[in-house]
Structures are given as structure tokens and as C-alpha cells.
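Below, each structure is written out as C-alpha cells.
In the two complexes below, chain A is the common chain; its partner is chain B in one and chain C in the other.
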Partner chain A sequence: MNTNNAIEIRGLVKNYPSFTLGPLDLTVPRGAIYGLIGPNGAGKTTAIDLIFGMGRNDAGEIRVLGLDHRRDEVAVKRRAAYVSPDLNFQVWGKAGKAIRFVRGFYPDWDDAYCATLMQAFQLSDADKIATLSFGAKTKLSLLLALSRRPQVLILDEPTTGLDAVSKQQVFGELLKAVEDGERTVLISSHGLSDIERFADHIGMIKNGKLLLEGRTDEIVDRFRFVEFFGGNGTDFQSGDGLFILKRTENRWHALLDQKSGAHDWLQSKGAKEISLTRLTLEDLFVALVKERGSK
Partner chain B sequence: MTPARKNLLIGPISAAADGALYQQIVDRLKREISEGRLKPGAALPSFRQLAEDLLVSVITVKRAYEELERGGIIFRRQGLGTFVAEHGHDRSREAKLAAAKNLLREGFREAAEAGLKPSELAELAHEILKGKK
Partner chain C sequence: MKQIIRDQLRRRWLFLILFCLTYFSFGLLFTNHKDSSSYFIFFIFWLTFVLGPNVWLSELRQDYARIALALPLTAKEIGRAFWWLSVGIAVLLIAVSSFIGFITMKLCHSTNESGVDFWLLYVAINAVLYAAIFWLFSGKPGNPSFFRKMKYTSQLSDVFWWIGLIGGGYYLFTSGLDSDIKLALYFLVCTPLAILGWLRAEHMIAEFGEYRPTAHPPQNARKQFTPPSGNGGTAYLLQNSFIHVWFTGFLMLVAVNVFGVFENRPFDWHHLTRNLTGSLAFFVFFFVFILRSTFLILNIRFLRTTPISTGRLAAVLLGEAILPLLTLFLAITALAWHETGSVECLSLFKLEFLVAASAGVFIAVTIWNTSANFIKASALVIVILATLAPAFYQLIHMDGRGLPFWFVFGFTVVVLAGAHWATSQILARSSSAYRSRQSSRQNMLGNRWKWGR
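Right, the complex of A and B next:
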């Protein structure tokens, strides 16, 4: 285990009757906000659940801060917090009661930070959880996780259904949480423009396998949309670093990995008027998911 | 915490503006430095703090700082922080001039391709300058 990594997943496999996760490798650097992205059903939640010991993996290992996720389960759970849209704190009635209940379990609970977050998220002890808006409930579960001062914070779809202001507040708090360079956030989300803006690293998974992983800026920078015109009858196929997206007669649209030799290859095959266009993470995501999905 | 944090307000950055976010940070900081609002020796916020202020990823700010450092506009002292370099002012001005020249060259090339004569081009430049005022 490299101590610069907060989470290392190696060869993780989980078999279900209709779906297999893995073998999956993920590396989440310490101090980073890491965005785990993938289409619905790619295995993001399965992977996150396995980190927290919900379900038993069939193969591979998961290390959180160097600790084995099963053998050192208690130590992992003390240092890592989890927020999911499924968490429900309604049974405690009021926000204050939920907070008092949860804080008892965690020796590192930070009351001052909790109070700051209450203000930032516009929550109060007297709020009745049942009548809170969806967004406010999400903020409450985030507050309960952050106030523990976890070394690793794992968030499953934390911004679904949040308005733009709330989303910004949440990401603002996450950036604060990683400010010391020691704490790490793993976030799974479909909000790709948010991930592109806030996440230092991303991992893209599809059908239970990792498609891409690395620094967000480097990954986005590496790819371009490419348009070119083929000679009569020339057939271009997806291959090494080139993903054909569309074709109308001799006019082609594709995704191009600039790290590959695809550009030179296109020229050598007689492609004319090759023009490259920058893309966003969302563009890249759609192109990759569609292209690979068509096979 | 560094005292620089509260003082540093750089121009807004947006995904809708030209250039990648890190490039916008580079440009805004160069502007602060070339216009003298950030003086040589002034401390810059840590990249994590600036990331929090600008609501962008840490890596985005880090990349911007690295680029400014390579250009000799800011420098880093291990354990102390990041500061505006002695010649940061001139260098950001030089960098801006070089960037302006490149853009002009590109603009002139496009204009030439569109069939504009040098006299027409000069006229166009005047119009643009006037429009700006």
C-alpha cells in the first residue's frame, strides 16, 4: 500500500446472477476529491458498499488508509464516513436529537465544526426531520458525516436533487474538508460538470470495469472530438485511441485519444481536413459510454 | 492561516469564459500582478485555500500556480508558501504582451485569408480600438 493513497482497490470482484463487478482497480490519492463516475448500473454503488463491508467481495482487496476493509473493519469505520441518499434519520424526530445520537459514537466528533455547518447549511436543532426538504435532509446527513472529522468521506450521489445554491454550498464544504491535504473525499455522481470543476481525480467505470482513471484535467485534455473526410470508400473503424461516433457518407465524427497514434494513423489512411475540438467531461463520458456500449 | 487569504480577490472565473479554468486563474493572477495590486513579495493563498475561494478543484489551482512558477512570476518556499516574484510584474506584462502579439498575428492571418488589404486591416484595428473605449 502506498501511503499517499487513501483508498486502494485491487482486483475487486463481486458476482451477482445478472451482473459482475470487476475485476476492478481503483486508486484514490490522499487529500484529493475523487469523482467516481459511470452510467446507471455500472457498479458504483456496489463498489462503495463493498468498501464499507456491505456485502462480501468474491475476490480482491480493499485498503482504506492502509487498513484491510474486513480485517480492520472497526478501524476503517472509525476513520471513514459514508453518506448516501438512502440514509434516513427520521426516527430521531428532530435534527438536534439525531446529532446528539450520532455524535456519541465518534470520539473525534467536532462540536464547533458541527455548529458552523449547521449555520452554513441553514439547519437548526429544532428542525423536524420529517418535514425537511429533500435538499435539507441531504445536508443533514452530510453534516452528520463531516462533523465526525473523518479521514475519508465517501458520498454516493450527494447532490442529486439539490438546487444550484445548495450544490455550491456542499462542494464548498467538501473543499474545506480537504483543505489540510490529509482528508480525502470519494464522490459518486452523475453531475458531470460539477465533477469536472471540483474533482481532482476521476475514475470512470462501465459494466463493472474501469475505463479511465487519473487527474481530471489530464483526462479531459487528452481527448478531442475529431471530424474528418475520408477518401471514397475508405472505411475507418474504431481502434487504438479512435472511437467512431457518426458517419454521413465520407464525413466522419469520432473521439480521439491524443496520447495514441490515432491522429497520424488517420492521416496515413488518407483522412482529409482533420479538425479537432475540445470537449467537456460530459462530452467525453457520453462518447465513451455510447461507443463502447454499441459493441 | 495566511493573512493573504482575505485580501486576495481575483476576477471571477466561469466555465462559460474563454479558456480552461486553470488558464483563467493564471490570467487573473497575472492581471493582479501586472496592475500592481499584488506586489513583489506578497504572499498568495495556498492552493487549497484559493480552490475553496474560487470553488474549483485543488488540482486546477495547483496547475495554475505551477504555470506561474515556471514563468518566474511567482515562487514557492517550502513550508512558507507562495509569493509574487521580484520581477513578477515585468514578467506578467511580458507574458501578456507576447500573448497579445500572438492573438494579433492570428487575427491578421485570418483577415488576410478573408482578403483584407493592410490598409483595410489598419482601419479595422482602429474601429475595434474605438469600440472598446
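Right, the complex of A and C next:
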């Protein structure tokens, strides 16, 4: 295991009656903003939950800042914070009470920063959690995580239910939190445009398996939409680096991995008028998730 | 761990006061060893369910486990904290409160025959019972994967444990505390369960933490996502409710008779009805009612979107919980009538009517979001106690000296009408009625609570 990585997941497996996560390998470098993306039910939340001991993995290893997630469970949780709209602090009644409860666990709790965040998020001690909007509850969850100044921040779909302004606010605070280059953020989200903008690394999972991982710009740059005309009635199939998306008579639409040599392979098979188009992370995501026949 | 315990004690001060007062009152009852028989032991059981581990563990169902697991604590520490709250501290409070009550009564009545040995026995019974109940609420033992795959076997095992508990309780309190063999058997069964509860506390937290309601697609035996159309699916709801309640009632009858075999007693309607009227009916009614009403409350956001008026929906909410139970007990007493005579059967009817009235109020209260407002919450407690009072009075006067039938009937009709009006008003005027406290668990028609994913 490399100590330069904030989170390392190796061979992680979790079995459910109707779903299996893994074997999953994931590497989040220190100081990175890492976007974990995937379709619904891909296993993103399960993987994140396992880091925090919400469930037991059947196999594999998870290390956070070099610490084993089970053996050093408490040490991991001191250094890492978890944010999710799933967390319901309603049992404490008021925001102030929830804050006082959580701060008791962290000697490094930053009261001044907490007060700043409360102002920024327009929250107050007296706010009744039951009456807060969905977005405000998420902000409270984020405030509770940021105020402890964690080295690793893990966010599970934190922008769900947030308006555009709140989203900007949340990402703004996240960027501030990592500006010293020491803190790491792992963020799972369906907001792909936000992920493309803010995350410097991404990992894409589907059906519990990792499809892609790496620097965001490199991954987006690596793939292209390709259109071509098939020559001599050749029937092109998805293969290494080529993912056939659509065929209209003799005109083919596909996703092409530029690193794979699929471009040369297409030419050798007689494909004509090959045109390549840049794509966004969202385009890539949709194409890879829709593509069924990849080998 | 200490922070979790301190936080819970701080937030639940009102409950703790109620808890101590209840067991103080019990201490006052330690007047005579011989008096402490059937009813006395029944209340030990009943209170354990009402004030016991279930109360402390209830927050785990409101995402508390996931929040606690994100804190720098292990599942074992959190689980043990809840064990100490549910068992350790609870038993300590029982011991102190009941002892103060016991001493108070001893000072006031020098003729009090009970000694400290009886108080110790009482505390010991409660201690193992609290610990065993903690185990019961902590989930199935081990929960191995093959067990999870066998859906119906898994559910049957739940039923088995509940039958065992209710039947065992019945077996114990049929002859009071004076049977040494029964007491020995009680400790023999409950002590291992108490130890298992301590050992299972960690897994309980891990499994609660692992459970994400949103990850569970709504599903029932017919693989339906929504109930069939027509009257907003109310027929479907009522049908389900009747099946569940009558099935539970059938199991209860089986359990009562199976445990009768231990006493070398042949099947006897009279005996059955006497016990049902005395205690079990009251307990089972509430148990089944709470299960059904919780199901409805969790789905109320969805039910409100169905094409029926608020008035009719309110009637469905009340009827779905009350009608199956009333008809079940009507059937039981009708069967027993010939053997037992009208006095006992009428007493049972009166009791059930009164509990139905309380149940109606409970429905209205549950959907009314008090937003932790102390005055509103206190007012609701007073209303609930006021509607429960006649039921309690009837429960201790089941020999025909209870409340007159005209009063019972009139009281029930008035209270249910009021509950219906209040429920429909809340549904019509308040948006909070549609937002259950566990917001993530809405719209799960046909889904059930599972231990783990």
C-alpha cells in the first residue's frame, strides 16, 4: 500500500442476496478531489459505507491515510468525515444540540469555522431540524463534517436536493477546505457537470466493478465519439477500446478509447470517413453505462 | 461510549422520570408476597415492552446508527452503550426506584409481609428480562447469509421467537412467583439470552448502520410497486391488514394452547377466554395495533397521493388498524361464549372497545407533528392517558363489575368520531402529516423492516 494515497481499496467484496460489490480496487491520492460516479445501484454508497463500518466487507482491504478501516476504526473516523443527505439529525431536535453532540467527539473542532459556516449556510442554533428543508439538512451535515477539519472528507451525493446557488456554496466550501493541498475529498454524485468541474480524479463504477479510474482531464481526453461508414458490409462489434452505440444503415456511432489502438483497427477493417468528436464527462458516462456489449 | 450514554440520558429526561415513577409505584405494591401473582408478573412483562429496550433502540431506526458510526466510535462501543442504557442503567433505576417505593410502603404499613428477598427477586427477574428483550430487539442470532436468502424461513423464525416470548410469559404468570420450578426455568431460558444480547450488541449497530431504506425496492408477495387501483387501494390495505391481524391472532391462540400442555391442561374455552380477557388480549391488541399503525404512518405520504378524500383516508387509517382486531376478538369470544357465559365475554368486548378508542386517538396523535413542542406533546400525553384510563379501569374489573356497556359504547363512538375528525383535519391542513419523521422510509408499501440489507 502506498502512503501517498489517502484512500486505498483493494479487492473489496460485499455480497448481498441481489447484488455483489467488487472485487473493487480504488485509489484516492492525497490532496485530490475524487469523484466517484456510477449509475443508481452501482455500489457507490455501499463502498463508502464500508469505509465507515456501516456493514462488514466479505473480502478485501480498505486503508484510509494508511490506517486499516477495521483495525484502526476509531483513528480512521477521527481523521475522516462523512456527509450524506441520508444522515438524519432529527432526534436532537435543534441544530445547536446536534452540533454540541458531535463536537464532543473531536478535540480539533473549530468553533470559529463552525460559526462562519453557520452564517454562510444560513443556519442557527435554534433551527428545528424537523422544519429544515432537505437542502438545509444537507448543509447541516456538511457543517458538522467541515468544522472538525478532517483530513479526508467523504461525501455521498451531497448535492442532492440543493439549488444551484447552494451547490456553488457547497463546492466553494469544499474547495476552501482542500486548498492547502493536505486534505482529500471523495465525492459520490450524479451531478456530472459539477464533478467534471471540481474533481481532479474520477472513478467510475458499474454493477459493483470499477470501469475507469484516473485524472479527470486525462480520462475525458482519452475517449472520443466516433462516426464512420462501414466498408464491404462489415459488421462491427464492440471490442477492446471500441464501444458500438448505434448503427443507422451503413453509418456507425461508437465510443473509442484512443489509447487502445481501436482507431487503427477500424481502418484495417475498412471503415471510411472516420470522424472523432470530443465529449464531456456526462457523454462518456452515458455512453459507457448504456453500452452493454463491451468486452 | 460515555458521550452516547450522556446524550441519551440528557435528551430523555422526561422518559426517565416516568420510568422511575412507574417502578416506584411498583415498589409500593410490594405489600404481600401472595398478592404478587398473575397480574403482578403480567405487568413486569408489559412494562418491559413499553419502557424497556425498545424505547432506547427506537432511535436506531431513525438513522441514529449511521450517524453514530460516522463518529470516532466502533460499532462495539455504540452497541455496548445502548446495552448499558437499555439494561444496565435501566435495571439500576428499577432497583433504586422500586426499593424507595418498597421502603416507603414498609414505613407506612408495618404489616407488610414482603421482605428484601422479594425485592431482590423482583430486580433479578427484571434484569434478565430486560437483557433478554434487548437480545430479541437486537435482531436474529448471527443472521447468516443462507438465512437471509430464505425469506419466508427468516420471517417464520421471527414469528417463532415472538410466540416463544408471549407463550413463555403466559406460562410464567399463570401461577405467579411462588413456583420455584417455573422461576428456575425462567432464569435458565433468559440468562443465556441476556448474555447473547451483550455479545450481539455490536452486530446490531453494524446491521442498523448498513440498512439503507432507499436501497430496498418496494416489493410485496405480488411484486407490486403500488396497490391495485380503485378506492386508492384501500381494499388492498384492508385485506392485508385482516390477513396479518388474523394470522397473528391464530398464532396467539396456538401459543396459548401449546403452553397449556405444559400444565397438563386440556383445551378449555373458559380458560382461554379468562386469560385473554385478563391480560393477553390487552397486550396483543396493542402490539398488533402498533405494528399496523407504524406501517400506515410510514406510508402516509404515498397514501395521501391516492385519489381518495381526506375523510375517507382518515377512516381507512382508523379502520385498518381497529377493525381486524375487533372482528378477531369478536370471533374468539363468540367461539367461547357457550363455555364461558356472557359475563366474561361482555367484559372482553368492553375492554376491546375501549382500547379501540385509545387506538383511534393514537393514530391522530402520531400524524400530528408536534415538532418537539413540550406543551403540545404534554397535551397529547394527557389526551392519550384520558382515553386510556377507562380501558385500564375495565382491565382491573373484568369480573363483570366494570364500566356499563352503554358508557363503553358511547365513549368509544365519541372518541373515534373525534379521532376521525382530527385525523382528517390534520391530513387536510397540515403538510407535516405527510412527512413521516423517518423521511427516507416513506412510500415503502409492502416493504418490511429487515435486519441488514
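Everything that follows uses one rule, which is that the second predicted complex is superposed on the first by the 290 of 295 C-alpha atoms of A that agree within 3 Å, B and C clash if a C-alpha of one lies under 4 Å from a C-alpha of the other, contacts with A are read in each partner's own complex, and residues count from 1 in each chain.
What we mean here is this: a residue touches a chain if its C-beta (ideal position, glycine included) is under 8 Å from a C-beta of that chain, and two chains touch if they have at least 3 such contacts.
Quick caveat: nothing in here was measured; it's all calculated off a predicted structure.
Three-chain overlay on chain A, with chain B and chain C fitting side by side and no clash.
With both structures placed on the common chain, the touch criterion links A:Val170 to neither chain B nor chain C.
By the touch criterion defined above, A:Glu179 lies against chain B but remains apart from chain C after alignment on the C-alpha atoms of chain A.
Angle at chain A between chain B and chain C, computed from CA centres in the superposed arrangement: 150 degrees, to the nearest 10. Once the two complexes are laid over each other on the shared chain, residue contacts for A:Ala262 go to neither chain B nor chain C. When the two structures are aligned on the shared chain, A:Val152 is found in touch with neither chain B nor chain C. Applying the stated contact rule after C-alpha superposition, one finds that A:Phe89 touches chain C and leaves chain B untouched. In the superposed model, A:Tyr16 makes contact with chain C only, not with chain B.
When chain B and chain C are set side by side, the one touching more residues of chain A is C. Once both structures are fitted on chain A, no C-alpha atom of chain B lies closer than 26 Å to one of chain C. The contact surfaces that chain B and chain C form on chain A in the two complexes do not overlap at any residue. Across the complex, chain A is touched by residues 15, 20-22, 48-49, 51-52, 55-60, 63 of chain B. Across the complex, chain A is touched by residues 3, 7, 11, 59, 62-67, 69-75, 145, 148-149, 206-207, 209-210, 212, 214-215, 369, 371-372, 437-440, 452-453 of chain C. Within the complex, the chain A residues that touch chain C are 15-17, 41, 45, 49, 52-56, 73-75, 77-78, 81-82, 84, 86-94, 97, 101-102, 104-106, 128, 130-131. Listed in rising order, the residues of chain A touching chain B in the complex are 31-33, 168, 171-172, 175-176, 178-181, 193, 197-201, 215-217, 221.
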